[in-house]
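In what follows, structures are represented as structure tokens.
Same chain, two partners: chain A is paired with chain B first, then with chain C.
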Partner chain A sequence: MAEKILEVKDLVVEFRTDRGTITAVNGVNFEVFKGQTLGIVGESGSGKSVTALSIMRLIPNPPGRVAGGEILYRGQNVLDIPLDEMRSIRGNKIAMIFQEPMTSLNPVFTVGNQIEEVLELHQKELSKQQRTEKAIEMLKLVGIPSPEKRVHEYPHQLSGGMRQRVMIAMSLACEPDILIADEPTTALDVTIQAQILELMKKLQTEMGMGIIMITHDLGVVAETCDDVAVMYCGQIVEQSDVKTLFGHPRHPYTKGLIESIPSFDSTTGGAKGRLPTIEGMVPSLFDLPSGCNFQNRCAHVTEKCRGPHGEPKLEPVSKGQMVRCFHPLS
Partner chain B sequence: MSLTSYVLRRLFYVIPVILGVCFLIFIIFSVVSPDPTISMLGKHATKAQVLELREALGLNKPLYIQYFDIVKSAFTFDFGRSWSTKQEIFEMIKQGAIPSMTITFPAFFLSVLLSVSISLFVAFYRGTFLDKGVVFVCVALMSISSLVYILVGQWFFAFKLGLFEISGYEEGFPDVVPYVLLPIIIIIILSVGPDVRFYRTVMLDEIYQDYVRTARSKGLSERKIMFKHVLKNAMVSIITYVVLRIPFLILGSLLIESFFGIPGLGGMTLKAVNSSDFPVIKAMAVLSGIATILFNVITDVLYVVVDPRVKLN
Partner chain C sequence: MTDNILEVRNLTKRFPIKGGIFGREVGAVKAVNDVSFSIKRGETLGLVGESGCGKTTLGRSLLRLIEPTAGEIIFNGQNIVDLNATHMREMRRKMQIIFQDPYASLNPRMTIGGILAEPMEIHNLFPGKEERRNRLYQLLDQVQLPKDTLNKYPHEFSGGQRQRICIARALAVEPEFIVCDEPVSALDVSVQAQVVNLLMDLQKDLGLTYLFIAHDLKVVEYISSRVAVMYLGNVIEVAESHELYGGARHPYTKALFSAIPKPNPNVHMDRILLEGDIPSPMNPPSGCHFHPRCWNATDKCREVYPEITNESETHQYKCHNPIRLN
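Presenting the complex of A and B:
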């Protein structure tokens, strides 16, 4: 078994709004291992980005706040440590890349300057010269051609894919234990997406960091992840290794998600014709139903799901597979 | 394209703009304005007297020569003599500029420094009572008429408490200080309200950008983020706002100068307007036009320096 580097326990994140307090993340548990990738999948608003940001302690407060739970990085609860200490972890031990490569870099500093900034912060022993060399080395590592030239360029002179490579270079400059990737390929062309995912995988094998891959794209999960957690309305509804999840999904929501991946059969009008979708809408976090959150969209809904027995719990159904459902699929 | 050739090209484009400004001034003073000799001589003047004065003041010259004189003055700064004091106007401007700038420049630099610092500070504490308090004070300061500051300052702080001179001017440092201190403070108070509100908005626009989140995720401290990342991005807006106000500093403040008896350009202009001293008003119009144009060019050049996304062509 690989070394466990991060453990999230019963994480609860709340946001206070004018219309009342919502629980964006409600009792989430997962673990991240060295050299492995955990995928967190879900629709917009399912709480996956909030989960990621709370690991970095970057939830804007107010209105947000971590209301409960623990985030253990190598056994230490990062929610308890002083902000100074947290800053020495950010970018150094736990790094993050974001969905929007176009705007995530500061437009008025060169990419070299922005990579060197992380090194200046966390590797104080390096001289200015060494920092520049390291920045060039990092750009080379992420496959940017003629890095000696690019290091002096500004973000607007690079394409979206190149910028995301710069973000990756920046996040990996201090060789972190964990890389949190919040929809890293969503804003990119499909061909560039594949390149970036491949690059991340390659760097993971070389550097051995654990990755948390946040995405709404099950294709990305299938390609990159070892374990998967499926989130819905701030909760994990199904959690298992990637093979089991795709081979034998037990939660109706997971099954629906997998079925709605376009494939050649469905798009060319084969047996099924139309692409299946999950009917209905995600309930508002202000107005969650009692019982199972998925009841309104579920084909297998029964009276039990509608509340009399409370919420379903996330329970193991087989070895390494947990499902939050009263009637897990067989 | 290099910065030098960019600047040269921009300066070249300035010429037609100056010609246009001169044309507007010409229209206003030589074509549509009423005959100044009538107000100068009074209503009992004879026709002969009017003609004589028009001849003496050069109002009989053909229109194209009058336009050409304005254009010439824009490039040579030779504005002729004042009708009322008979002094060389350029000398008058040189004399008036010093008292004007003794007040406006310190006031300007201090207020920019103060406003930018306060706005960085409140942007850091955005959404808290401190932030709301500062905004409230700013709106309150803006809502009070400038005359109130002048009169209260002169009556209470200068007359009652004797902290400053009530009005007047003395040449040379440090004699000048008690005379200019109160006007400087009043100009700062007048500008801090709107400035802080403007800069605060600019800072807040930047603070919610994605690159700030990236900077945080790198482990930078909030202070470093504010002073390095946010401030440099906010610079573009700040520069525009700041540099385009410099021409007005040179021209002085009409109101403050006349209330405090400062012999500056503002007071001079006001006096010229009251006595229909056309050459002086024209000179000030030409000068402010040129200053505005030049500082626009300077703003554009500074954009290139501050923001790498601004292309030189």
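Presenting the complex of A and C:
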């Protein structure tokens, strides 16, 4: 059994807005193990990025607020520790890659400067010379050609794929325990995406970090993750290892998501049938229905789902598989 | 005579690069370079490629939203490149476009009714008040939106609904041909499938012809009867969509398809990892533009630009050393 490095318990995150308070993350639980990858999938607004930001304690407050729960990093609740101590964890032990490599790099500093800044903050014992050397080493590690030259270049001189490599180099400079990757390849083309995912896998094997992979792309999940949590309206609706999830999805939402991806398997060509879809749309967080959040889109909905017995709980249905549904699929 | 609704011959679009104090032309980006293809009436031609390959420029040139530098665009037997503005406007009634971003392509100050009626006003269609209203209801019905949509504003709708409104606007003038420029890329997976189904239904009911531009190969392969693959301004392979996956002859096509993550953890296919990035179209490599990333490249590829090879009537590619099929 791999070592558990992060545990999120009953996390609740609220945002105060003009129209009232919304619960963006509502009672989320998961664990991250050394050398393994946990995928968090969901559509826009499902709360996956907010979950990631709260682990880093980067939720803007106000309007946001972690209203409950614990985030245990090696047994220590990161929500309780003072901010200056948090700085020694953030970036150092828990690092994050953001979605937009175009906007998350500072355009007025060279990429070398930006990697060195991370080292300056977290590894104070290094000299200027050593920092530069380390920055070049990191760029080499993420597969940037002629790193000695690139280290002096500015972000605009690099392509999207290269910038994302720089982001990865920055986040790994301090050899973190946990890497949170928030849609790391969404802004990239498929051939570049393949390169980046391969790179992350390779670095994980070498450095043994745990990865939280946040994405809306089930293809990326299937290829990179060991465990998956599917989020819908701020809650995890299904959670299991990746093979079980794709082989036997038990929540109607998970099944619908998997089926709505066109596949190449169909050999008919040309005139194909309709794609299976999930009807309707995600309800507004301001106006969640009582009972199951998925009821208005579910094909298997019954009276029970509409709320007389409260909302469904995330319960185990088989070994290692948890589902939030009154009528899990067989 | 085959019934081609659209024939494109040697279409080229150069964007000049100006430099120096006098703003002289110092170079040019060949965004679309000598592209030829045809689209049959009632079919969907998919157009795929990575960012910067020129697929959007190509799509917009077809409607002359971007003026092509050279080449012919023959729509319904008529070369539209030389048409004057009045005649072109007339022609655009038959050719419409749906844009990628449903948030940016609807005027936030107009009601949906106003947005949908505008193209009909411009083309003077369905002039009577009663007639116009019935047409609006019919359009909403076609894209499966409720009737009270007409008095609302764009901000009241989600991304998927806005894309339906954009589709209804394109349909308003009863076009024959629609360029769909990444119509589902900005949408969530579950909504994406709904819009893809809608486009397929409309095609069947109204006999539409689509050019479907996207970077998501799975969606393109699903909706298209034929697919054209672009790389650095050139169409490098065209084939029936079921031929292309598995039967690709151009190494880039093969690599592109193998790069897509498969939503099945039990299948691990051999992935071709391409080295390096897409070169800049300002200064494309000599010979075959793909040679610096190609694992089959020879000296010939570095020097000579490949001509079109006809694999079959429906399958063409540009490569000196195509992938052998067994």
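Please note the rule applied: the second predicted complex is superposed on the first by the 322 of 330 C-alpha atoms of A that agree within 3 Å, B and C clash if a C-alpha of one lies under 4 Å from a C-alpha of the other, contacts with A are read in each partner's own complex, and residues count from 1 in each chain.
Here is the rule we go by: a contact is a pair of C-beta atoms (placed from the backbone, for glycine too) under 8 Å apart; a residue touches a chain by one contact, two chains touch by 3 or more.
Remember, it's a predicted structure, so these values are computed and weren't measured experimentally.
**Q** Who does A:Ala299 touch here: chain B (first), chain C (second), both, or neither?
**A** Once the two structures are laid over each other on A, A:Ala299 reaches no partner at all.
**Q** Between chain B and chain C, whom does A:Pro276 touch in the aligned arrangement: first, second, both, or neither?
**A** In the superposed model, A:Pro276 contacts chain C only, not chain B.
**Q** With both complexes overlaid on chain A, does A:Met167 touch chain B (first), chain C (second), both or neither?
**A** Only chain B is touched by A:Met167; chain C is not.
**Q** Thinking of the overlay built on chain A, is A:Ser159 touched by chain B (first), by chain C (second), by both, or by neither?
**A** A:Ser159: touches chain C, not chain B.
**Q** For A:Asn106 in the superposed arrangement: first (chain B), second (chain C), both or neither?
**A** So A:Asn106 only meets chain B here.
**Q** Output the chain A positions appearing in both contact lists, the one against chain B and the one against chain C.
**A** In the superposed arrangement, which is not itself an observed complex, chain A uses no residue for both chain B and chain C.
**Q** So in the complex, which bits of chain A are touching chain B?
**A** 56, 58, 62, 87-92, 95-96, 98, 100, 103-110, 117-118, 121-122, 154, 156, 167, 170-171
**Q** What residues of chain B sit close enough to touch chain A in their complex?
**A** It is residues 127, 209-211, 213-221, 229, 232-233, 235, 306-309 of chain B that touch chain A.
**Q** Under the stated contact criterion, what part of chain C meets chain A in this complex?
**A** Touching chain A: residues 50-51, 158, 160-161, 188-194, 196-197, 200-201, 215, 217-219, 221-222, 225, 240-243, 245-246, 255-266, 271, 273-274, 276-278 of chain C.
**Q** Which residues of chain A touch chain C in their complex?
**A** The touching residues are 43-44, 145, 159-162, 189-195, 197-198, 216-224, 242-243, 246-247, 256-258, 260-264, 267-272, 274-279, 281-282.
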